[in-house]
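Note that subunit A is present in both complexes that follow, paired respectively with subunit B and with subunit C.
What follows is the complex of A and B.
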């Protein structure tokens, strides 16, 4: 019960401070819009090529946008040395981890939901019937990205070059999630039967479980070191 | 009973030996003041007791809990008022208190929070975001957090800095109250005048070593 209360309060704090400051989501949306615009102009002359690579473009935008949000997750705790107070919480650090993962997931997923219509408009996608399965793919891939990203955000927060180190360390680790997400998204956008790309969705689920459990376990050591 | 103890405690950052072979015992109901020039290692020693840093060698214990194995018990029994206020700028005073205390497993009522804020004389700013607080107001809010948490061990890093005269008096009275209920206070300070009236003993860190320091302590524990 105390564990869940800590999770709940961490989520509450991160959401309230973000709603009031709008620092993280606004920078994420702004960055992603630039990425969409650049890709959109790059492929404006060749719509067929765009359809072939759109799944990759979507996940490049989502991954880098997510990294912006994940980086701020713990760097915001440096102000007034709030990180010290989190380290001193007399509760399992896993509760702080789950709270942070939940808040990060919420930020990234909300931004993905806001941005996807932009992809639909700029790349002329016909996806009305595929929206439920696309949401499931976004949901599963964002869990994996948030779990590993939260761990590495905590790991790099005390490093001077943390803005550089976070993507360098995080991206190689989330490559399996990104590959599975791109393949599943490609299948959905092409209107393929679910059975053709089902294995990628299942793979995403497995990655989520493995990454969340391992990150949860390692977080205690990261916070105490 | 010993509340805070260190045995042959040393801490180095690379080749720089900040603390060397420090041994100390502070009893329950005692206030100990730590002096020393800037960079002498006062804050480092407090952070080791607060479980925020590991000693390079030696052991420490709080209320009998070993520093390397009983971290969670130690963290539940102490409070560290550090240089940084540990406050969130986009939360107001009440929200900061609710958040910090909830993570400690406490859920003070609205009335208790109001009383704590009034006690440190910032009750009128209870719904103001901490972003708009002065350094002294932040220190008072951090103190309000401690009054609600009622820790058995209180670690204070330069408790009088940034406070005005009234704030210093509030801080002194709170320290007296902690000691009265058999709590233990370890504080780093440069202010021997303010410390003389509350500390039972004092020490000074010189070149990494802790030595007794006579500041003419005459603690006055008639609560005002």
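What follows is the complex of A and C.
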């Protein structure tokens, strides 16, 4: 399968670059730690208030760090004209897209896994039983975020003011992901039964399917040179 | 060589403008003077004749933008891109006006300028997407690239719109019963006729503005291209002599 081979090579390339430089993940983790710190100043955190706002804080931190990682995904390709090479690769553009989405997904998901224990420690969360369902929520929300984010990363990297335009374009479009992820996380952290917030998890899955397909198709027009 | 669609627009746009003026004046007369005040809301209800058509037209404009963007990616005709550009700006204006009139209506009836109601929230997200779209266009120098990227964003945003709407609706209705809904108010035919008139009028007005703006953008681009050609010819002839 030539298509899957290309996907595999792109993922491999990004992972190797990341393992050698450790730029993206380390900057994302430290940025997120700073976000957590700022939030703990902004709200007077007693146990009860923390319960109410913690899901929102988690997802604001994840979304902002995700944007940092997504922005780097294509801006790193600017060196040595790698972007032009990617545009000229005699392979379907969709394969490049899926490779990039997978790599971005891996980075963001790893950062989320690293950060979540920090939230548990700093905000005294009691989540041992809910970990599998939280992982599922993180997994689904991160797919949607990285699918749309990768498309916009490829789009904004080729224009002026790219650092500003990525969040401006991306955040309004991922409003459904944010709402669904926050509501589902809130439900899970409260220890509610799954049936109460099942629809949010379903909404995340619908968003993932729709936006992976649409972005996959539109990526071809973004990479067209 | 001027595109033949531009000539057709030149012939047709007067009819749209005239029709818009006729429908809007008739609708305003029927709505503001002829129709009775509402039993519950009194005279305040009359802003509905402006607000609801504005909101409809904003959505209609966004649908046109989506259609134009798909068409552009398919045919790559620059004039379709001019149309999309014009359409996005108009859609943003209509969305902003719908939000503004909605807030003015909300103050006396709901006693608040703003509430995180499903429709309000999805409209403000729509407005943000449209502003992002217009900003994106200003940040790209190459016109072909500008058109392509803008079309990609418009399509993605249009696909997202129903998902945003449903997510926001669930988000609000799960927490508290939706306190205000204009669906609950049954509309009698005395109100429906002016409302319909205004809706048609606004759509015609939008079409008229779209035509004028498309013409303007197209001719501006043509002029720039011509200026560039003349300048390069001038420099070439100077180099020769």
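Simple rule for what comes next: the second predicted complex is superposed on the first by the 219 of 225 C-alpha atoms of A that agree within 3 Å, B and C clash if a C-alpha of one lies under 4 Å from a C-alpha of the other, contacts with A are read in each partner's own complex, and residues count from 1 in each chain.
Here is the rule we use: contacts are C-beta pairs under 8 Å (C-beta built on N, C-alpha and C of every residue); 3 or more make two chains touch, one makes a residue touch a chain.
Keep in mind that what you see is a predicted model, and the values were worked out from it rather than measured.
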Exercise for the section: Based on the superposed arrangement, let me know which partner A:198 touches: subunit B (first), subunit C (second), both, or neither? Expected result: neither
Practice task
Classify the contacts of A:22 with the two partner chains as first (subunit B alone), second (subunit C alone), both, or neither.
Solution key: neither
Practice task
Check whether A:169 is in contact with subunit B, with subunit C, with both or with neither, and answer first, second, both or neither.
Solution key: second
Handout entry: Touched partner set for A:90, first subunit B, second subunit C, both or neither
Key = first
Handout entry: First, second, both or neither for A:6, with subunit B first and subunit C second
Key = first
Handout entry: If touched residues of subunit A are counted for subunit B and for subunit C, the larger one
Key = C
Practice task
Please work out whether A:206 is in contact with subunit B alone, subunit C alone, both, or neither, and reply first, second, both or neither.
Solution key: second
Completion exercise
The shared contact residues of subunit A with subunit B and subunit C are 224
Practice task
Using the touch definition up top, name the residues of subunit A that touch subunit B in the complex.
Solution key: 2, 5-6, 9-10, 12-13, 16-17, 20-21, 79-82, 84-91, 224
Completion exercise
Counting only contacts in the complex, subunit A reaches subunit C at residues 148, 151, 155, 158-161, 165, 168-169, 172-173, 175-176, 179-180, 183, 199-200, 203, 206-207, 210-211, 214-215, 218, 221-222, 224
Handout entry: Contact footprint of subunit A on subunit B as seen in their complex
Key = 50-52, 71-73, 75-76, 80, 82-91, 95, 99-100, 102-105, 129, 138
Problem - In the complex with subunit A, residue positions of subunit C that touch it - result: 73, 125, 128-129, 132, 135-136, 139-141, 145, 148-149, 151-153, 155-157, 159-160, 163-164, 166-168, 170-171, 174
